[in-house]
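You will see two complexes here that share chain A, one where it goes with chain B and one where it goes with chain C.
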Partner chain A sequence: MKKSVYINSVGSVSAQKTFDNSEFLEEITDYEATELKVVSPNYKAYIPPAAARRMAKGIKMSTVSSQTALKEAGLENIDAIIVGTGLGCLDDSSKFVSDIIKNEEQFLTPTRFIQSSHNTVAGQIALGLGCKGYNFTYVNSAVSFESSLLDAQLQLENDEATHILVGGVDEMVEHHVRTHQLIDHFKNQPVTMKTLLSSKTEGAVMSEGSHFFVLSNEKQDSTYAELLGLEIYNELAQEQLPDQVRSFLKYHDHSIEDIDLVVLGNNGDINFDGYYQVLSAGLFANTPQAYFKHLSGEFDTASAFAFWLSSKIIKTASVPDIVKLNALHSSAKTVLIYNQYRGKNHSLVLLKKC
Partner chain B sequence: MSKGIAITGMGIISAIGGNVQENYASLVSGQMGISSITQIDTIHKDEIMVGEVKATNSELEDMLGLSKNTHSRSPMLGIMAAKEAIDQAGIVDINDCKTGLISSTTVGGMDKSEQYFFEYFESDKHHQHIDGLHAGDSTQKIAAYLGLEASFMTTISTACSSAANAIMLGARMIKSGRLDRAIVGGTDALSKFTINGFKTLMILSDTYNSPFDNDRKGLNLGEAGAFLVLESEEIVQKENRAVLAYVTGYGNANDAFHQTASSENGDGAVMAMKKALKVAGLTPEDIDYVNAHGTATPNNDLSEGRAMLRLFGEGKVPEFSSTKAFTGHTLAVAGGVEAVYSILALQHNRIYPNLNFQTPMSEFDLLPETESKEKELRHVLSNSFGFGGNCSTLILSKEA
Partner chain C sequence: MSDLKLELKEKIIEQLNLEDVAVEEIADTDPLFGEGLGLDSIDALELIVMLDKDYGIKLADPKEGRKIFESIDTMAGYIAEHRSR
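On to the complex of A and B.
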């Protein structure tokens, strides 16, 4: 008999003030920009300043969000650590490459190379906790975080672990933003929170963030929601999407009508928001809808922000007005998240109040 | 104890051969693939030796029928290996059951990124590589070449244990019923990035690497692609597949000691090996051969040696060897390369020589096998360890 999987705690550092779990999008940071940085927590409260100086931003953000999640779950250690990241500590790898070229392969130091390893965040958390358990890092673009979720779900369902720290982290880096603006993956014209979806321009608003969650097969007072299921698809045509969603829900004994809220990953890219349109104007036309990338920006693990948002929505039984995509009232009990990036790496995640 | 997962196909391209057969021929004849670097223009070319795949990018493009300069080297090595694995398994339609692709890499498209890093701003000539940097891009290109549609796909990057972890995830997903078939492995090409990175860590040897030797001077970097096809019992029955071997055990643990070094006593390694034995329902005495991680760095070989002694006991360590002296350290792919070698070992009842070994290590009494040797093998244990404290062990067996 498979065990149920619960989200027992959350931790977030994002382009909004989300690091304080006692609040829920009460202060919103608007912008007129092509890229967004995170709203920084007080890192000094979590990391000794001497250590923080050499630390990659991805590690710093993750120290805060992982400690927040562990604290809320009331845990000092954990059975496994699973992290998703599209690009790892990209700032260090980018600077290491730049140094290689500028210094013609001389006078290099190892720190940047060491932090460039994609599994640095997972390794550093393990080191900090002294956690010798299972330790994995997934690096598959927009499904990096969902891959981590799926791995945790497998272990918890089969009772191979009880508490797992699962997260997603990505840094925003100058070279990455500028090069991707050259190929219109990121916007060249600034947008605001309100104009993102109506911008009618190519590309997304690049951002960054770190989200961690304790997933467990034991429900406790702090529990946010139950993770009913998730699926990952390497690529889908828009025409295939409704059928895939239907069969995903059917597999989990749900129908379209059972969904109280669908959370969509629209990022204002005129070339790819059609995927979301297929669902918002079709399958879920009569379902309450929400979006989030106007708050979080786009990055490989932005869907972890949606996971954070959905967990908070279910726990507080409220949908903040700022995320609503239509005027329908939601009872916020059963939430489906759908995300994709540039037509690839699609994911469906189903959460339920418990 | 649960049943093992069937391996029905394998493919590899490495410094000692462009396919499985060539690799095996080199292994049994003691043919090393380590040489001076020819395909990357680095100022370190006279101080390092590497395990380079012989084919140039242009030759790989021709072999795969790809347009020029659309793919970085990692996805091409991956496609070569994955294609061989799928052909061997006899898969005609990759989408005929729930298939997943689980790849792994450390550098992704870094070889192209480092080449055009500043040029991107001057000219749009190589803009096709801008989005090729991220690790998932190499996997996506492999999936596209194989024609995988609406399917599970992910990429693992746990440094030098990556491909072992990809094999582990594939086995777990089949076992749990999430997939019917998993194409698992990894790919990593040489790059200035890794050459210079390991250079700053001062663990690159200037000569042929010599695992478990007292005077070992460090590792030779290598490059490779290696993939396995894992299939469920139902598919094996239905398609009447020839099973090459089984993944019977897997274990993953973290050393939690240091970001880049292994603990002196190999705590993480011992835990990974123990977990793998437990999953396989085996005891240490059941292991007939260990294909060691054996990178030939001072730190790894000491830590791994001690871990083997702790697991198997003094005087009871089975025959072991590291094949890194043949291939160099292929980083993310090492666990995939060595899984292929372990399967070949089982098929041929053959233990490979640990080349370049001369002087036993002073810290303990461990002697790797130095000659190619025949032995009836039932269970082979393969270790892969990496930065970030990652320790992974696979057990491959003749029978489920």
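On to the complex of A and C.
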């Protein structure tokens, strides 16, 4: 018999002040920008200076969010570490490649090479913990985090592990922002939190973040919610979406009416927000709705922010006004997250209070 | 020589990301590895690359590094004697 999967703790470093786990979006950072950097914690409080000097920003953020999650779960070590990342520690990758060009393929230093591999974050966390268990990194664009979740879910359901640290991390790099602005994947005109969805312009507000969770097949006092199911779709047309959602919910013995809150990944891109409108104006027109990318910005693992947000909403039984997309009241017991990026890599995640 | 020692201290701080260390905190005779500045084996590789790139010195035998990288004094002495750029 399959075991249940619980979210026992959370940790977040994002464009909002989320690193303090005792708060829940109490302090909101507004902006007028085309890109958002994370609200950084005091890294020195978490990482010894000797170790920090060789850490890329993605590793620093992940050290904080993973430590936060482990602390809340009351664990000193873990059975497995699974990380999703779209671009890995991109800044060091960029510097490493620049050095190759600048130095005519000579004099390559080891630090940037070590940092530039995608699995650096999972490796560094394992080294810090002394964790010799399963260590895996998924690099699957906008479903990198969901791929990690799926791996953890399968292992926990089949009792191959008891506690798994699962996370998603991506860091923002100037070069990446500029090149993606050239092709209108990121916005060229600044928007504010309030004008993001009404901007009627192409592209998203680029950002970064790191979110870690302890998933377990043992419920405990700190438990936030139960992960009932998730599904990833690489390709999905807008007209197929309602049937896929119905089918997903049916598979997990739920209907549209059972959903207390639907969390949508609208990012203000006029070309692709139609996917969300299909659900917000259609299937879930009478369901309380929330969105999050006006807070988190867009990055390959932004859906991990939605996972963090939904977990917090379920545990606190409250939906912050800042994320509400409509005025309907939610009891926030059963939450469905839907995300996609540029019409590809769609995901559905179903969470329930337990 | 004192200019070279200052230059080395600045390069070491910058290239090894020693954010919390100031030039004046590194004495010429301080051990760079172990109890001194606390550098490690990856730093040693960075220093070998630095010698090659900035001073044209190729260390054929990495074991030579032990003596050369003992302190700023020993590094500066070796560079002054062997540099080609």
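The rule is short, and it goes like this: the second predicted complex is superposed on the first by the 354 of 354 C-alpha atoms of A that agree within 3 Å, B and C clash if a C-alpha of one lies under 4 Å from a C-alpha of the other, contacts with A are read in each partner's own complex, and residues count from 1 in each chain.
By definition in this document, a residue touches a chain if its C-beta (ideal position, glycine included) is under 8 Å from a C-beta of that chain, and two chains touch if they have at least 3 such contacts.
Predicted model, so just to flag it, every value in this text is computed and none were measured.
Asker: In the superposed model on chain A, is it clash or fit for chain B and chain C?
Answerer: fit
Asker: Which of the two partners, first being chain B and second being chain C, lies in contact with A:R54: first, second, both, or neither?
Answerer: A:R54 contacts chain C only, not chain B.
Asker: Mind telling me which of the two, chain B or chain C, contacts the most residues of chain A?
Answerer: Residues of chain A touched, chain B against chain C: more for B.
Asker: Touch check for A:Y233: first (chain B), second (chain C), both, or neither?
Answerer: Once the two structures are laid over each other on A, A:Y233 reaches chain B alone.
Asker: Output check: A:Y46 vs chain B and chain C. Expected answer is one of first, second, both, neither. What do you get?
Answerer: Neither: A:Y46 stays clear of chain B and chain C.
Asker: Now for A:N135: first (chain B), second (chain C), both, or neither, which partner does it touch?
Answerer: Only chain B is touched by A:N135; chain C is not.
Asker: Touch test for A:F24: chain B only (first), chain C only (second), both, or neither?
Answerer: A:F24 contacts neither chain B nor chain C.
Asker: Could you tell me if A:L87 is touching chain B, chain C, both of them or neither one (first, second, both, neither)?
Answerer: Once the two structures are laid over each other on A, A:L87 reaches chain B alone.
Asker: Applying the document's definition of touch, where does A:Q106 land relative to chain B and chain C: first, second, both, or neither?
Answerer: Both partners.
Asker: Could you tell me how near the closest CA atoms of chain B and chain C get once both structures are overlaid on the shared chain, in Å?
Answerer: Nearest C-alpha atoms of the two chains are 8 Å apart.
Asker: So chain A touches chain B in one structure and chain C in the other; where do those two contact lists coincide?
Answerer: 106, 108-110, 114.
Asker: For a test of understanding, state which residues of chain A touch chain B in their complex under the given definition.
Answerer: 81, 86-88, 93, 96-98, 100-101, 104-106, 108-110, 113-114, 116-120, 122-124, 126-127, 129-141, 143-144, 147, 150-151, 154, 157-158, 175, 178-180, 182-183, 185, 231-236, 240, 244, 300, 344-345
Asker: Any idea which chain A residues touch chain C in the complex?
Answerer: Interface residues on the chain A side: 49-50, 52-54, 103, 106-111, 114.
Asker: Quick check on the complex: what are the chain B residues that touch chain A?
Answerer: Chain B reaches chain A through residues 42-44, 101, 105-106, 108, 110, 113-114, 117-118, 120-121, 124, 127, 130-131, 133-137, 139-140, 143, 148-159, 165, 169, 172-173, 176, 178, 192-193, 196-201, 252-260, 267-268, 271, 386-390.
Asker: How about chain C: which of its residues touch chain A in the complex?
Answerer: 15-20, 38, 42, 45-46, 49, 52-53
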